[in-house]
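Each of the two complexes below includes chain A, the first together with chain B, the second together with chain C.
And then the complex of A and B:
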């Protein structure tokens, strides 16, 4: 009995060792290499995607990595797998593996200039791949935009619920404030509307002033956040959760009773300005700014307030100021996300910002991981893609996703990637066997 | 390097074979955008069942004959989770990925308004069977609906009560936070005041979604001297409102709107609702002809009497079917066919549906009659009279 257990565990170990060996060369691929691989893959898809899809028996390019096709018509599974292998896995793997030497050298060269140059090159590559990927179908484009917005939302909620350790339920309210404020801004200034009349400014200016509208939305929701931040001086935990929930209902009722904003009927005729580049730039900006914020002194004082408020106070952390800034900063980004959301949907109604939205946001934060920027990104992208991919399952989708959440909570109580710093320099650096080689490479270049 | 060679060979093969794609399939695809999960799953279920029954009919007939050629019909049923953003995603997917010819749904206005925008932008005809918000079809040539609008239903109720009971003082109790009741309450108030003069709506009381205690509002309605009250609410609230009104001693009529039309109303409300009137799209009890056939068949297959969503979806699918047949030819070029179906939909006149005869206007809203239903002493929805525009 004991022997057989030993054997099976040895066999498992053997497999994992073999897997590890196969994976080993890939550990030396820098981020730049992966991005290049993805770029090649999506370019390939653009060039030969449709004929290849026809060849393997699919009528179209599988739009979300084949999940939807396989769930609806399991017969097409082999064809879909072949397609995924040929278009995504092989090219990405090959380019990453074979180009590792070159990309490592390139990454090292890039790091010689300031960090932001390297960051911009990486982000540019990422955008190019996403753009080409979304170019195949408008459905991808829409899913991608809503996912990017979800990243901003998750990050901003993580500031309060993760970094500051308060359980806030008011985020859909902040989002609603931002959505309505930004919508009102663009509609009043740039759109011919039945309620607000003719535009105050020439509509041609609109796309350039759109960032102002989003910032306006963010500022309005940051002001609204005062209503939650001030009570948070005296209350914590469950009590603050209830206050913030009350705030959510106040905002919802307020909008429902504001006839000028359409009341429960909703508010429409927002211009179509939230295209992929706009949403992408805002999303990257939010990641960058929020990451800088949480690793700054102020960000660290958020953690101090979370861990022990009295001690933090004794150690000269201004807890009130910290909470104010934390709440308002988070609300600002939730408002920006709301503004983007309103301009992607081009219609908002108060019903969209209720408990259901709150549950979704909380799920993304806790799924991805508390107190972690990477975790938030993983949570938002994972949750959105999963929820899109499992749509054909209808009711069972709402059994599988909550089950996954329960499993995550059981085995990783703080989320998938929690309490991890997002070190950009480490992420972008070349991956060589040893540091000396890098130094050497830089020196000989 | 071996793997690279294999890969290169495969790529060449792909290029060579790329030219010979499969021939255009002779299938007509129709998208159903329904709230199968989320707040109102019963609505999604009704739409799905009605659509599947319709498809079964088409398949039994061997396909849909258009211009002398028979086509297979495929339904693409997608769940919009009763969320606005999901409804737009679903529409985008069905239009660009599945390349459906026409979309039926979404049902409620909060999804139909943004989804209609998507359909209109992609020049794809969309018919919402149940959405009553004027914005759904407003300035959107590609969007239609299968039901009458609130501005029509409000006056229907006002006229019915004036003629039937001769009342002059009305009260309204409605949900201020919900799109549909609020719109209808406003339309009713306007119509009533036009009939009986300013101030004839003596109480105009509101509450918020998910409230369960209406005693304050009902007391002030009772004290206002109103001769009846109008409650354009959904079935779960109707039961509470009617029962609480009776507990407070209210014995005058309570009148409702098409949202009462669900089978659940009587189930929850019980005897308190017997004898009350409401306006709706069709009456299940005492139905004749095609309507009865549909109801009996639905009940036999799914075990309950279909509510108005099922009936309207059924009618909408037949409308779409007629539009496709009227089109005369399916060219295979999806843009041309969509245009053709849209034009055919806009010019449908005197369509004979189970929820009444319909004629479409260029705005995409049908001209059709409403039905006044009385809840009988056996708890059935009896046809009482019909009101036409």
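And then the complex of A and C:
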């Protein structure tokens, strides 16, 4: 009998088929269903997380999915796994699976109104989950905010290194310009400070005008970008890498020597306005605007110039302007991210914006995928979580992460999710036809 | 007034005189041909007119307006669309994206529209998409609209180049060897397509070709270029019977 000659490869095949079958219903779950599942899971954690943690032998809720605990005390592995299973995997899976019929219908209903309505509902759900998740500990809150900022940075660098196909090293410099400009803005206008004296405006206004400070940081950074862009894009050739590297060092030593900004000691007393909702809104805004840009014909000129500049020029594309706009747009967002970063840490020093930062940003871009908004999000989130999760390994972390990067580069030279358009309508749509449609289809058969 | 008028255009690459004392007048709706042996300077003439190189000297006027020294994108926006002999496509973009990209100078929604997806942008992009699809239909590659160009056969890539050039709404279409690498059947199809384009869009066409049957059947007037100099200009019949042309070029060509 065929069954009795069951060798290992057939067995493996059987397993993967069975796994595929088990997974099949989940492919019918719309994004809305997953978000709802996550919301239920984090709500559950708030309610019963602590007692459950004690029950499985943990002293407190594992802050980062148990990575840190397990790496420090491997004996706690079973308890941690049980916790993850009960709090995250089971609830998310159950809600997603059992609610699929409902969430599909809801998603379809939502898409009957304009796309932004559905988008806001999804983003709102996502925020609610993140908020509850971060509520558990200050550490989570900080990691989350830094990750959201990293998304902005990665997207921004991807515009230059991915969409434009150039290689820029100046991004930490742009981030620094934004960070210091926004900090100076908030401190001069709204904070009682030893160097800058009493605030020029009532501090109560501050949180409302904080967006202005961030935009100011972005604009200063975009202006700084001219210093790199004008000489680099005047002629063809690969000058950008070298000029932008020089720029990075110039910005760093400039800040180090500006005593009014704290010099090498750093700049502190930024107000605490970059809370989770603020950072979240800016992150979503940057994703939305950057995605709008790169999916427009104007933004796709970046690709045309990268792939074949002469042809772009002959097809009416103003190639020089395209490069300048792309580069300055990217610098603007790096500046905004810098402003947010300064107000999250409430302290910045020139050392925060050096080669190490550049290496991290490049890693996020190339890990996630060139020329792809989703890739940048995945790259930033993946890299940040990994980097936090492996923190207990100390030095080994800096062996494991580069090794992972090399593996990605070997098997996917352009990154995990490269050259993919981020189609929001497609992301939000239901994954199964609504029942009426199905009935209709059967009736017409 | 001719649509395009070129007077005494000369170009040197360092010490090499690639084009010497070149003159041209194209009337609206004309189909002109440029033939000549390899290395004669034909592509260089296209590059000089479309602004990719700036001529050492000469006078170039489009509808009476001096376009000497303008950037290629400016010249293209004024109504000179072109294809490239060695295909220059954008390797990560789809066929439809190619054509839509060439509408760049016709879009008015600006950076604000690009950043915030304003209704104006939606409208203009939708119009551009519609028009681009119509062009793809005309050129016969509509069914390939969503393909990445590098996956396409050579003939289709040439057609994409043509559709893309037409999307700039040229008054004169420059075709640099539109049938290079094609077999006889594809050649006939390309000829039909060019006739169709000429009829429907009513533009002037200036083409470089080595395939004599193609040039002789399509063109109203033909120039023969040898070592950067025009040695003969006239109707297909005149060119075919010109002893200098036969001596310098046609005699050696065994292709039809």
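Everything below uses one rule, namely that the second predicted complex is superposed on the first by the 417 of 445 C-alpha atoms of A that agree within 3 Å, B and C clash if a C-alpha of one lies under 4 Å from a C-alpha of the other, contacts with A are read in each partner's own complex, and residues count from 1 in each chain.
Criterion: a contact is a pair of C-beta atoms (placed from the backbone, for glycine too) under 8 Å apart; a residue touches a chain by one contact, two chains touch by 3 or more.
Bear in mind that the values here come from a model prediction, so they are computed numbers and not experimental data.
After alignment on the shared chain A, the placement of chain B and chain C results in a side-by-side fit free of clashes.
Contacts of A:19 after superposition on the shared chain: neither chain B nor chain C is touched.
Rounded in steps of 10, the angle chain B-chain A-chain C defined by Cα centres in the superposition reads 130°.
Looking at the shared chain after the overlay, A:317 reaches chain C, while chain B stays out of its contact range.
Of the two partner chains, chain B is the only one touched by A:349; chain C is not. Of the two partner chains placed around the shared chain by superposition, chain B is the only one that A:397 touches, whereas chain C remains out of contact. Look at A:146: by the touch rule set out above, it reaches chain B but stays clear of chain C. Judged by the touch definition given at the top, the superposed model places A:409 against neither chain B nor chain C.
When the shared chain is aligned, no partner comes close enough to touch A:102: not chain B, not chain C. Using the contact criterion defined above for the overlaid structures, shared-chain residue A:303 touches chain C, although it does not reach chain B. Note on chain A: of its two partners chain C and chain B, the one contacting more of its residues is B. Look at A:292: by the touch rule set out above, it reaches chain C but stays clear of chain B.
Superposing the two structures on chain A brings chain B to within 31 Å of chain C, judged by their nearest Cα atoms. Applying the stated touch rule to the two superposed structures, the chain B and chain C interfaces on chain A have no residue in common. The residues of chain A lying in touch with chain C in their complex are 289, 292-293, 296-301, 303-304, 307-308, 310-319, 325, 371, 419. Partner chain A is touched in their complex by these residues of chain B: 3-4, 7, 10-11, 13-15, 17-22, 25, 36-39, 41, 78-79, 83-86, 88-90, 92-93, 95-97, 109-110, 113-114, 117, 122, 133, 135, 176-179, 182-183, 208.
By the touch rule above, chain A contacts chain B in their complex via residues 48, 50-52, 54-55, 59-60, 63, 86, 90-91, 94, 98, 137-139, 142-143, 146, 252-253, 256-257, 263-266, 268, 341, 345-347, 349-352, 356, 388, 391-392, 394-395, 397-398. Residues of chain C that touch chain A in their complex: 50, 52, 71-73, 76-77, 82, 84, 88-93, 97, 100-107, 109-111, 113-117, 121, 125, 128, 164-165, 167-168.
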